[in-house]
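There are two complexes below, and they share subunit A, which is joined by subunit B in the first and by subunit C in the second.
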Partner chain A sequence: MATTFKTFSNNDKTSTRTMLHEAIPLTGTIVSGTYNEENIKNYSHGMFQSVYDYPYLSSSANHILDITYGISKDSAYSSSTTVQQEKKLNIYNQMAQVLVGYDATGSIRLFDEDGNFAAGGATIDEAWFFNFSRLLTKDEIKKGSFEMTFLTGGAATDAVKGESGAELTIGDTGSANDYRVNSPAGEYGILYTKSSGSTGAFSDGYDGYPCGMIYYQAGIAVLTASIFNNLHVPSNVGAENWVGLDAGPAAVGSGSCQGLMTGSEISGGVEGVRDRIKNISFSNTTELNSTIHFCRANHNEFNYSANPTYLSASQIVVKDKAADSPVAYVTTIGLYAPDNELLAVAKLSEPIRKDPTTELTFRVRLDY
Partner chain B sequence: MGFLDNSGDIILDAVLTDTGRYRLAKGDGSFKITKYAFGDDEINYEIYNKSHTSGSAYYDLKILQTPVLEAFTNNTSTMNSKLVSIPRTNLLFMPIMMLNTVKDYSQQVSGKDSYYVAVDSTTEDAVAYSNSKAKELTDATAGILGGARPADHDQVILIDQGLHTTKISQAFTLDPDLKEGQYIVQMDNRLGSLSDKNGSPLPVNYIDDDQIATYYVSGQYVQNLYDLVMSNTDQLNTPASTETPLDGPLGTQVQCKIRSSTTLQTSNYLFETLGGNKTITIGSAGGSYRYIDSSMKFTGVSTGYSIDVPVRFIKKT
Partner chain C sequence: MPKFKFSPKDILYNQIRLYPKTEFLIYSGTTFYNQRAPVSGTAVDDVPHVPNGYVSLYELNVDRPSTAMIYPFITKGGSLSSFSTVSTTNFNSDFAYGDILSGSYPLSSSITRQHYAAGFTDLDSGGRNYRKRIEALRNTIEFYSNVSKHFMVSSSASGRDLAAVEMNMIDIPSIFFGSNIDKGTIDLKFYITGTLVARAQDLYRNGEIVVTEPASSTETVVGLALYNEGFIILTSSTAITTEFQDDYLGTGVVQNPTWNYFGSTGSAATPIHSSSYTIEFSGSTTSPTLTMFAHARRGMLNFSNNPTYIKYSSSGSVDEELAITASNMYLESDKKYIANTISSSYSQAEEPFEKQTFISRIGIYDDDDNLIAIAKMATPIRKKESDEYTFKLKLDI
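Now for the complex of A and B:
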């Protein structure tokens, strides 16, 4: 009986799961607002700023990340905040609700510096949030791959032009094997400071200072405001090497960011931080679930064709006499439903010869 | 679609078709891959050179150099010619399907190489009947299918399957494993539906996302062509050219009619969207008609051979 279809057996299908990683480098020029700041989107509500890779009014623009900051009700800044106080509290609480969750009494937890709530310890009462677009993070950020570098000292605008001398790099060092799972938003790692400045001025003691968290599945980096505030610089780190934000982007590097967080609108503070970012890099992860179909053509199968050019006056054109071997060429593999509807199609990059002396197995992978 | 890069390793470019995505989105379990087939749409076997002076290794050199297009996602645009499994390797002839236009009730419109479907009774009366009540064959104009009243008209589309060669006598019957017992008929469901020779509607198997309806025609609707021909001719050893266009051993025959859709009968929307309006001469008389050019595809389930039949839907303005 002539036939054109072959049914898959149980041995012809298998499922696999593959983690695909892409390196995502974000240069500081994009984040600091190249394109005359046309790639920076402000909103009338003023609760965050969005960064695009191109002027956001263009249909070619891709959303990169949102930046904002918040203050907890327990913060020393709370009472002194004069601008957008409620919104800054709301931002903090919203992010804490989603990323940290609630305690036994139903109260919103504060961000804990080391993620160990049971042990108590320092909390992050003033936090900066970097919410990366799903376009970049895909399913999750790869653990141990996250890194942000801030420019320290001097004027921010000069620093972006490469005139700055020192840098502060933070990253989730060691998180590939050491991460936390006690967040309702998934897994997260602790962000640590580490030296990579061009001046080499940072002492060994500078390394390993916890300064935030990176939530891998949520794609959100949370930084303590302390790293922008030289009033909170650890004693083993020179204040001159810290990322200082004082009164805004025009005057950085010398004082406290308290004034900025309490006395400026969120957009103004975000502008100051954006100008201090030299680069951000991480690898994303895409979880590919695949079904692999093994399409087998045995020696006595698929040796003839229904192609109209295969016959001339009903005679097979690749044969002179009946004893010649039939030959056909595969360019396409169709995967069908039981009712013969074509559900998927795979194309070979070149025709493959099929005759009775050959057996072929094609491995067709469909990703979901 | 571009060509696939064939400069290095062999790669497979696999995509879901639009129907595949549609069924996946429905989530009703209809996305279930159970079988596969191989296609060779791009291959032109006429360039297989059996007399290449450099030997047999060069016979298919040009075929193997054929560039292959990227995958189409439209489910009806690909896998139009499939590879066929036949355990025997000593076949020299394979059956084809031909439009039977030699019977007086299956001819195409003269000089048009197409069938016309009169979509409403006004058009039927104008082009196919001498008066609105006539049902006699002699009143019909060749190639005009009565789309509004298919039961009242004898005109059919007739497909014959068999060998089209004079090298084997028609007295021989076609090998049973090459004889089609079931046909797949595909047509645009917006324009019409399939009927049997008596005008009764045939059940549609499924309608895809592009409104292409698929019918499986088998059983009583597929007849043994050898029996049909031989019952009408005494000449076993000469081609029965008044019965079938095929010159060799005969397989089966399928015939059908088309019932025009309600949309075409009651509205001009599809004519304005998909077709046009012009003066068409049918028989000896010309008139102004709206028209849509379409085609039907007949495919043999066993051999995979298929032919396209051009069909024009017309409506008197």
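Now for the complex of A and C:
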């Protein structure tokens, strides 16, 4: 129980923020279904598919991500969609409302390829959505750390997986310092292709083809369907080098991504693309906010104790004679509110001796 | 959407105390936590990546190969934050600003048992014999000496010195019990070839572990429990039965079972199979809760901004138009009709108009009008002008 209180001055308090990260590798075997598809959950509404890291009926399973796709009403796919048309439109609109917002007329904006709405430019009218679990993304995905690798070619067989160059890697390279802030869902970075088969030098992070965006706080990756199709060949790569999934996922076998998105149920389309995922990796971020209180015990302070054992027969037990300096041992520091309500207690690993010849400063850190 | 302010009487702060039950079964060198059997995965022998009987903090690396594990890392910066496993000296000398300090998952926890043979284990620089762990716990143990004489480390009243006698100490990490072990719930059972031969409990809720079976030994104090700290200390070297012996010390020499051997599994190479043990107790956790009463008073909340609340005209007749718009005007109609949603019991009949709304959710706003929480109803609640409701919202914090 404290008998002496000191008021903190502005110089006695400071705040810091630390970013704690976790590296999250998701191998394709988790996503494509190591467990005989028992870690893949379909719903009766059929609007998305959930991926777990273990059969989802087990208590050990963690939710990893949801995958779905949507089509804008402005898309060329829109009118030709024959299966779940309304749901695909609704999914696009819902995701666009949350991630892109509305324009001045109150209309839902389309996903813009470079995030610059004022300049116009290409929009993403057919989009795939990878919605990562909060368990993995924590406060936000670390900027510049996101990467997805897809297997390309006619069929996602083991043989193709092993082929050199039959991969398409997408990443938010350069986004650590170059990200957008004009989304209602927070900050986002542009995803670029960096394929081993492309002639465009992706190494500097800006020569690749923009193919989607990653919303860091929302934990959602949006990919244009163009990367799964040879309909939309990036101009700076060249058709001969483009390694999109031109034949469509094998699970559907309809021959094109357009056929997949328009003529298949969402769950069927997701299965096809899921089988194409070789790797996903990113780092998450947890913000640790700390307030540091410097508790200063000056030479003439805190040299006495209110502990009952401090006195024996009305004499301070640590003094041999009356002329000796008083001595106290600091074991605990209490932080009090202005109305003297005890808010927090800091304990020392061992008692610290305090007498009039010493001055101490204790650094008390409060993480939250 | 109308907003109302909670009055002080509408907000209650409570605490819910829970008593989660925990059971450890120790058998044949393996510990089972709450009867959870090991589950073999495709990449590892046990799916959570920790041995059986352990809990994995965060439970992230489920059935992952060691080459694809999730791990934490932190960049050394001005805040000087680091992992507790990195010493201050190493942090200062081994890492430059911008360097990455990495840790590893899973972080695991389980019960541990330590058997002390009679005698001291440690010798300090002054030539004093002692036991490190007992010295560390001395003040804690003796703090409870007002409850029972057995809580003196060394005492003629209890007739033993915890720093020197044969002893069995079981350490239960707080992740298994929360704030403290609930008094009166500790139950230790000693089985031999599947038959219960001895049982000890903290019957009197004072930390004394007393024998409750066999009947011939009841009321004998064989140990003590530190409820707040999660320690069980057993000190009885009296044979529970003389009709059975096993290699409890793992030395190849068989012994009669005693409470000092409770939890022993023999040596790692040759675990004993005939003796098994259970440790049961209830923890105690406290969850603060916030309860809010949201009132829908009579005569209020009878209008909705939902578009379907207004009657629309299929013919588009003027008197039912919602608004008139032109290049330089917007005129909201003053003849909008509220849709009559009162259901009639009769076919082709319309009930007299009555205002009614359906409350489907309640939003909680802070002082700055930020929406901070939403409570949704399982089914929308119908409210007529004469109805009055109070919704009870509970938030665990």
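Note that in this section the second predicted complex is superposed on the first by the 236 of 368 C-alpha atoms of A that agree within 3 Å, B and C clash if a C-alpha of one lies under 4 Å from a C-alpha of the other, contacts with A are read in each partner's own complex, and residues count from 1 in each chain.
In this text, a residue touches a chain if its C-beta (ideal position, glycine included) is under 8 Å from a C-beta of that chain, and two chains touch if they have at least 3 such contacts.
Worth saying up front: this structure is predicted, and the values here are computed from it rather than measured.
Here subunit B and subunit C are compared by how many residues of subunit A each touches, and B touches more. In the superposed pair of complexes, A:V181 makes contact with neither subunit B nor subunit C. Legend: residue contacts after superposition of the two complexes on their common chain; A:A119 is shown touching neither subunit B nor subunit C.
In the superposition on chain A, A:A104 contacts neither subunit B nor subunit C. Once the two complexes are overlaid on the shared chain, A:P25 sits against subunit C while remaining clear of subunit B.
By the touch criterion stated above, A:T16 is placed in contact with subunit C alone, subunit B being left untouched. For subunit A in complex with subunit B, the residues that touch the partner chain are 1-8, 291, 293, 295, 297, 300-323, 325-354, 356, 362-366.
Across the complex, subunit A meets subunit C through its residues 16-25, 27, 34-35, 53-54, 58, 60-62, 135, 283, 288, 290.
The part of subunit C that touches subunit A in the complex is made up of residues 39, 41-42, 47-48, 59-60, 62-64, 68-75, 77-79, 81, 105. Touching subunit A in their complex are the following residues of subunit B: 4-6, 10-17, 19-20, 23, 30-46, 48, 50, 59-60, 63-64, 66-73, 75-76, 78-79, 81-87, 89-96, 163-165, 167, 177-178, 184, 205-206, 208, 214, 248, 300-306.
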